[in-house]
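Notes for the one structure printed next.
All chains are identified by letter, namely A, B and C, in their written order; residue positions are counted from 1 within each chain.
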Amino acid sequence: MFAFIVRRIAQAVLVMLVISVIGFAIKSAVGDPVRDLVGIAVSVEERMALREELGLNDPLPVQWVRFVTNAVQGDLGHSYFFKKPALEVILKKAPATIELVLCSSLIIVLFSIPIGIFAAVKPNNFFSRLFMSLSIVGVSIPVFLTAIILIYIFAVELHWLPSYGRGDTVRIWGFWDTGLLTWDGLKHLVLPSISLSSIMLPLFIRLIRAEMKEVLETDYIKFAKAKGLKLSRIYLLHAFKNTLLPVITVGGVQLGTMIAFTVLTETVFQWQGMGFIFLEAVERSDTSLLVAYLVVVGFIFVLVNTVVDVIYGLVNPTVRITGRK
Amino acid sequence: MDTLLSVENLTVKFRLRQGDLTAVDNVSFTLGRGERLGLVGESGAGKSVTGFSLINLISKPGFIDSGSIRFEDIEITRLSDTAMRKVRGEKISMIFQDPMMTLNPVLTIGTQMIETLRAHVGCSRRQAEAIALENIRKVHIPSPEKRLKQYPHEMSGGMRQRIVIAIALMASPGLIIADEPTTALDVTIQAEIMDLLLELCATEGVGLILITHDLAVVSQVTQRIAVMYAGRIVETGDTQQIVHRPKHPYTQGLLAALPQHSNRQNRLNQIPGVMPSLIKIPPGCSFHERCDLCQDLCREQIPQLNEKSSGAHVACHLAE
Amino acid sequence: MVWLRRIRQSVMLHSFLHDPVAVGSAIFLLFFLIVGFGAPLVAPHNPYDSASIDVMDSEKPPVWEEGSDERFLLGTDAQGRDMLSTILYGLRVSLIIGMGAVALQAFLGITVGLIAGYGGRWVDTLFMRLADVQLSFSTYMIAIFIGAIVKASLGVGNFERIAVPFLIVVIGLAEWPQIGRTVRASVLGEKNKEYVEAARVIGLPARRIMIRHILPNTLTPVLVISTVQVANAIMSEAALSFIGLGMPITRPSLGSLIKAGFEYIFSGSWWITILPGIVLVLLILSINLLGDWLRDYLNPKLYKS
């Protein structure tokens, strides 16, 4: 298990290095660090001097090493628009996005597992068929459209829920602005979280059902029945634990897609998170901020994928002992 | 010997789109307490389906169409799901063919043993664990304490089948149904597992129904044999008698096909042809198409199981 | 061989005709294809022609609502363009990009899959690692990043000019691993079969073996995946357009129409965003349902990740 974790971390570092190369490439091809620092109203000579000073005339590998060194120390460049370190700008917006993703994940987990299991155990039940039909409709509605429809119904027509922003937030731990602790903040979270989960939920219901159905056909489930175990134990322990393995793997991959969807959700709801600020950066050609977003999001992906793999290892005894999949 | 299990006129069908398919046709047999019966036949003869119907665990779309299965005082065919669950594992246990597939890969051996007992008997975890340890010893696996914490993939096939046997014994059942328990194992391991089963049936006083295609194995382990062909029992009786003086042409063919009976000829004796598919079982005796002795009567009338002079019951118009 | 194929096709047709959902979605899809590609002929107005647009006609509701104008069956948008016409033209743009992107994906996926599956060990490892990383980073995210970088470096004006080919390339590049992995898996499955062995023994060159012997066997899964991928590509395009990394509002796709109409739902002009939304959903749904049927019918061995 230890060797497995070490190998997994080494892989993660490798991927982060690749990301750093991409980030660096964007920065040196598209960005203009001089402008980021001093704006455009500076003479050519001063620019040249500043370029030299910043090391922009050094060979590319040297610049890349400097880029990585700075990045490790938390310096991802300066945001030209905000006049602040880019990482600081991104991280300030991270809690909004993370809370949104957490709430959506919660919705997905709470609904997909029972519905998926039910649909696998009773495939011919009326509700199973209904859920399956609804799920294919669900995967066919783009996230932003779900968001718009929800806004139209619950905000514009019914006036039940707010349609944009995070509402009241409270600062905890000195840096984290949370909307989870106020009634207003929670109300603002409802529509965005439902929108964000709207495609993943049916996807996971279908996935869990398919995997579970396959597991239910196996000999060990038949043997568990022959042992006279209760059906609840057979379904929820014997079958579900085996269903979990592929679901965890896909779950890790889908989290990436979900972060991509936060960009959409945040746009619709004017949700002041990382995705929202990222699109603003695109409009303003704020390269440092783009790169910072790339690195932060890349880091989150790598982190989550690594954690998912380790969890997979914990659930799957084959990995735990031999250290390989 | 008092009767433990009596099966009468059991018919099992599979509901297919084209219509119902009869996999087990009017099968009757009995088993005494602690008795060992071999259910022999080729694959597709209906022996596994018969075995699974005894605990009402036939894979869909199969179902028990008619007949009666009495175990002790219980009529299995009429039990509710909950009552049936109490029979499985507690009164009748089952051992499957492939030990690599039988144990749940993500649960420890201990969990899988203990849950079997706790599903039936109200006892503490600790008590169940003690019985689990005792049973691992009974199946001659060293260091039982360590085994409880292990996962199936850490053990060899033979070892796993021993664990499966230990699980089958957890709730001290009256009957074990073993469905080809050695087919998936190495030849050297096969004999060990059979010896173990034989030993445990004797010491624990458990009845055994051994489902197999291997007449040689059956003749060493069981007291009585029922030979199945295309869903029907064609011959049943005392093991030694059947092995040495088979009456049904099919049984004779099976025995002749065994290597030691072939008198060092160049070739093994084969029964010509193949068993008919269950979709189109021929009228009359289902074996008639492959039988050397076939007569007009055999093509028209299904022979009934009748007691013959030897004491065995044979379903053949021509056997005396 | 011809009669064999004919029977097979008739069985397929039979199964198809007995599935009302499949028939229904096929009819929908066919309808969308005809009116989409035939938009210049079918549409009552030309939304690209700024001369024919009158701002006075803006935000007219569909004809069944109060205050409508009978010239505009589905109402008009904020600039006074006929909704029906813009939706038809938008549908055309979405279909072109969706199908173009999948054509590119299929080309890349098949080529890389064949090379990875048939080629040496390290080629295989290289491509499949790349596919793994790409998939674990989510194809959407990659498309968004490429879009963002290209837009940031080109500037808005230049970006809009190359939007169609750009979207085709970016979605094609982002999504090739799906098909690539499937093709590779089938190649690995086919590679060691006797007929390939035989072809190799009689000295056929590797390229010929791949294209004439292995490729045909991988086409069924590719077909099934491609169908669903068209729906995905149309959805990706809509998403990119919605966040401003796709089609400009002057030459809108369904996604950019939804984006442009979004702010007007607050003033009650729901049709500007909801109507193109409905068309988008029906289009994606009909492709997905058809893909489902195709998968159930052909039942290919799909690559399981």
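As a working rule, a residue touches a chain if its C-beta (ideal position, glycine included) is under 8 Å from a C-beta of that chain, and two chains touch if they have at least 3 such contacts.
Note that this is a predicted model, so its numbers are computed, not measured.
Trainee: Between chain B and chain C, how many steps is the shortest route if every step has to go to a touching chain?
Mentor: When the steps are counted carefully, the minimum from chain B to chain C is 2.
Trainee: Tell me, please, which two chains come out on top when C-beta pairs in contact are counted per chain pair.
Mentor: Going pair by pair, the biggest contact count turns up for A-C.
Trainee: From the centre of chain A, which other chain's Cα mean sits the farthest off?
Mentor: B
Trainee: Measuring centre to centre with CA averages, how many angstrom lie between chain B and chain C?
Mentor: Centre separation, chain B to chain C: 55 Å.
Trainee: State, to the nearest whole Å, the distance from the C-alpha centre of chain A to the C-alpha centre of chain C.
Mentor: 24
Trainee: Distance from the CA centroid of chain A to that of chain B, rounded to the nearest Å?
Mentor: From the centre of chain A to the centre of chain B is 53 Å.
Trainee: Along chain B, where are the residues that touch chain A in the complex?
Mentor: Those in contact with chain A are residues 55, 57, 59, 85-90, 93-94, 96, 98, 101-108, 115-116, 119-120, 151, 153-154, 164, 167, 171.
Trainee: Tell me, which parts of chain A touch chain B in their complex?
Mentor: Interface residues on the chain A side: 218-220, 222-231, 233, 237-238, 241-242, 245, 315-318, 321.
Trainee: Sort out for me which residues of chain A touch chain C in the complex.
Mentor: Per the touch definition, chain A meets chain C at residues 15, 18, 26, 29-30, 136-137, 139-145, 148-149, 151-152, 156, 163, 246, 249-250, 252-254, 256-261, 263-264, 267-268, 278-279, 281-283, 285, 287, 290, 294, 297-298, 301, 305.
Trainee: Which of the residues in chain C end up touching chain A in this complex?
Mentor: Touching chain A: residues 133, 135-141, 144-145, 148-149, 151-153, 155, 231, 235, 238-239, 242-245, 255, 258-259, 262, 265-266, 268, 270, 273-274, 277, 280-281, 284-285, 288-289, 292, 304-305 of chain C.
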